[in-house]
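Each in structure tokens, the structures are laid out below.
Each of the two complexes below includes chain A, the first together with chain B, the second together with chain C.
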Partner chain A sequence: MTRAVPVVLLIAAAMLAASPFMIDAAPPEVTMGLVQKIFYVHLPSAMIFMVSSVMCGVASAIYLMGGRSAKADRIALAAAELAIVFGLITLVTGPLWGRKAWGVWWVWDARLTSTLVMWLLYWSFVLLRRFGGAGSETLSAGVGLFGMALVPFVYWSVNVWRTLHPMTSVVPTLPASMGIPLWWDVVAFACLFGALFALRTRVERLRTDLDSALADADE
Partner chain B sequence: MIKRVVLSCMLLAVPAVAAAQQNMPTGFKAFDESAPRETLPAAPLVFIAYSLAWIALAFYAFTLWRKLGKVEQDLAELRRLVKR
Partner chain C sequence: MISVLRSAWLIAAKDLRVEARSRELVYTTVFFAVTAVLIFAFSFVQEDSTVPPGAASGILWVTLTFSGTIALTRTFEREREHDTLRGLLLSPVERPAVYLGKLFAVLLLLAGVEAVLVPLTGLFFQAPLGRAPGLLCLLLATGTLGFASVGTLFAAMLVRARSRDVLLPVVLFPIVVPVIIAGVRGTNALFTPETDLAVVRMWLAMLVSFDAVFLSLALWTCGPLLGE
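After this line comes the complex of A and B, so read on.
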């Protein structure tokens, strides 16, 4: 998998280099104007945040139910770290957009609050792994399951509760002039996510190899 | 048991309702034409949003590259020592 990383990174870099031109060519939204262009980075990062959360949750479930597989543990950890990175982008770009569009940086509505809680859960996953000591793999896998359980709640929250945040019906009804740059960025972010994920799991695998080699050397 | 659950829910709802009521308008106010209106420019917000996103991704990719280099170096060093 790691052999494909440079190719995937190149594809992501080329797509991201072309992305500003496509975003510039997209028409501004009628009520929000120029600030709506934050959408083209906010939504792809939010999508990848949710994908990482699901990956972390599935890997955690496999770890807990499938005999403590080291591979599942590595996947869960890599996905949790990437959930933090893409979640950070989502949580930073959202308020920048909201300040102009809504007049406030933040509202404690269901969508924003649940997204923040989900992001903090992945911080707890990673901090638990770093400082939790022996057995933290099992505990963090439990946290990973809770994180995945939040994904449908975060997704549907805008349709169920009253909020300033746009509903999920926005994306399917986008005109092509806005939809093409959006899906272009989604694919670019997905390629970047794939490459970073492969690198992160490789780091963890090499660390395991190093620990085993050190243990063998001690014997 | 049900009474306790209902009572707990009501107690938890009190601060939320109080906070919501604080933001409720108490009456109509006439629009003041002369009052300064907020004209926040959008371009800096868009620029900051994209810059922060690329900085976050570049920083993470850089730290990952460094971690990978370090662990590969440590592993190679250990293998070399074991061979001796």
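After this line comes the complex of A and C, so read on.
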């Protein structure tokens, strides 16, 4: 799997290099004009953020219920770290867009707040891993699992305030001139995610192998 | 099922007996809550003694969250100091019973804190506590249960971790965000002059469903999470 990483990274780099030209060629949106272009980066990163958070939750559940497989643990850790990276892209591009579209940097609407809370949750996953000491694998798996159960509650609780955010149902109705650059970027981000994910799980595997080899040498 | 509850009660009674002898947790947590309320009073109450709208419910729940976190850390610190949690986990009791016993003890402790904290908020911030006392108690009870059900599990897991004092809030606060939102908003709807009981009931329903989901999740996962 790791042999494909350079190829996938190259594809992602080429696609991301081409994407500004495709975004430029897409027609401007009627009401928002130029600002709307950030959508071609914002939405793909938000999608990858969601994918990695689901992966983290599922891998954590498998780790806890299915006999502590080291592989599930590696997947949960890599997914949590990538959720932080892509969540950061989402949380930076979102306010930039919101400032122009709504006139404010931040509103406490359901999507923004739940993205922020979930992003913080993956931070706590990673912090726990980094500073929790021995046995933090189980602990962080608990965080991943509880985090998955948390999503509907955060969304529901914040949704009672009004929601400013455009609904995602707009995506299937996009004209092809806007849809093609969007999906192009989704694929590019997915390639980047896949390559980083493969690399991160590999690094984690090597790290644990080294740790156990060191422990053996000490005995 | 009955035996699980009986063992849980034995563990809770053990904790309460230890507490009744030293009273360390009750005294320190209640005192912490009182000082926290004072700090909030200095930060929010205006020069002419008026309280900004919504401050009372916010202060109540923030204080409850902070003192609850301290109580959780201390409860398990006591088990760690004498390495008694290992004994508890080695005893022929199922994991859910250990978890439930700890949860009962924490809930009773927090109820004691609330018995001081809630009248104090009423006194300092002119919160109309008597408007719907039943609903207020239900909000507090369901909110505390939601907070403590997640908190007890994670505090128990963190007993053996390094820097557990700071890691508990790091882990716990993002997870209890819905409890805080529902608790604060529900209490606020109760405290505002034009009380809307339908809104309060809606938040109460959310707290009940949060409790149901996270209590069952905690009972289901406490076996693998609390470890061998």
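Everything that follows uses one rule, which is that the second predicted complex is superposed on the first by the 206 of 219 C-alpha atoms of A that agree within 3 Å, B and C clash if a C-alpha of one lies under 4 Å from a C-alpha of the other, contacts with A are read in each partner's own complex, and residues count from 1 in each chain.
Just so it is clear, a contact is a pair of C-beta atoms (placed from the backbone, for glycine too) under 8 Å apart; a residue touches a chain by one contact, two chains touch by 3 or more.
Keep in mind that what you see is a predicted model, and the values were worked out from it rather than measured.
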Contacts of A:A14 with chain B and chain C, given as first, second, both or neither: neither
First (chain B), second (chain C), both or neither touched by A:V104: neither
Which of chain B and chain C A:L96 touches, first, second, both or neither: first
Which superposed partner A:M65 touches (first chain B, second chain C, both, neither): second
Which of chain B and chain C A:A25 touches, first, second, both or neither: neither
Chain B/chain C common contact set on chain A: none
Chain C residues within the chain A interface of the complex: 150, 153-154, 157-158, 160-163, 167, 170-171, 174-175, 177-178, 181-182, 185, 202, 206, 209-210, 213-214, 217, 221, 224-225, 227
Chain A to chain C touching residues, read off their complex: 64-65, 117-118, 120-121, 123-124, 127-128, 131-136, 138-139, 141-143, 145-147, 149-150, 153-154, 156-158, 160
Chain A - residues contacting chain B, complex: 20, 33-35, 37-38, 41-42, 45, 85, 88-89, 92-93, 96-97, 99-100, 103, 192, 196, 199-200, 202-203, 206-207, 209-210, 213-214, 216-217
Residue numbers on chain B that touch chain A, as the complex places them: 38, 40, 42-43, 45-46, 48-50, 52-53, 56-57, 60-61, 64-65, 67-68, 71-72, 74-75, 78-79, 81-82
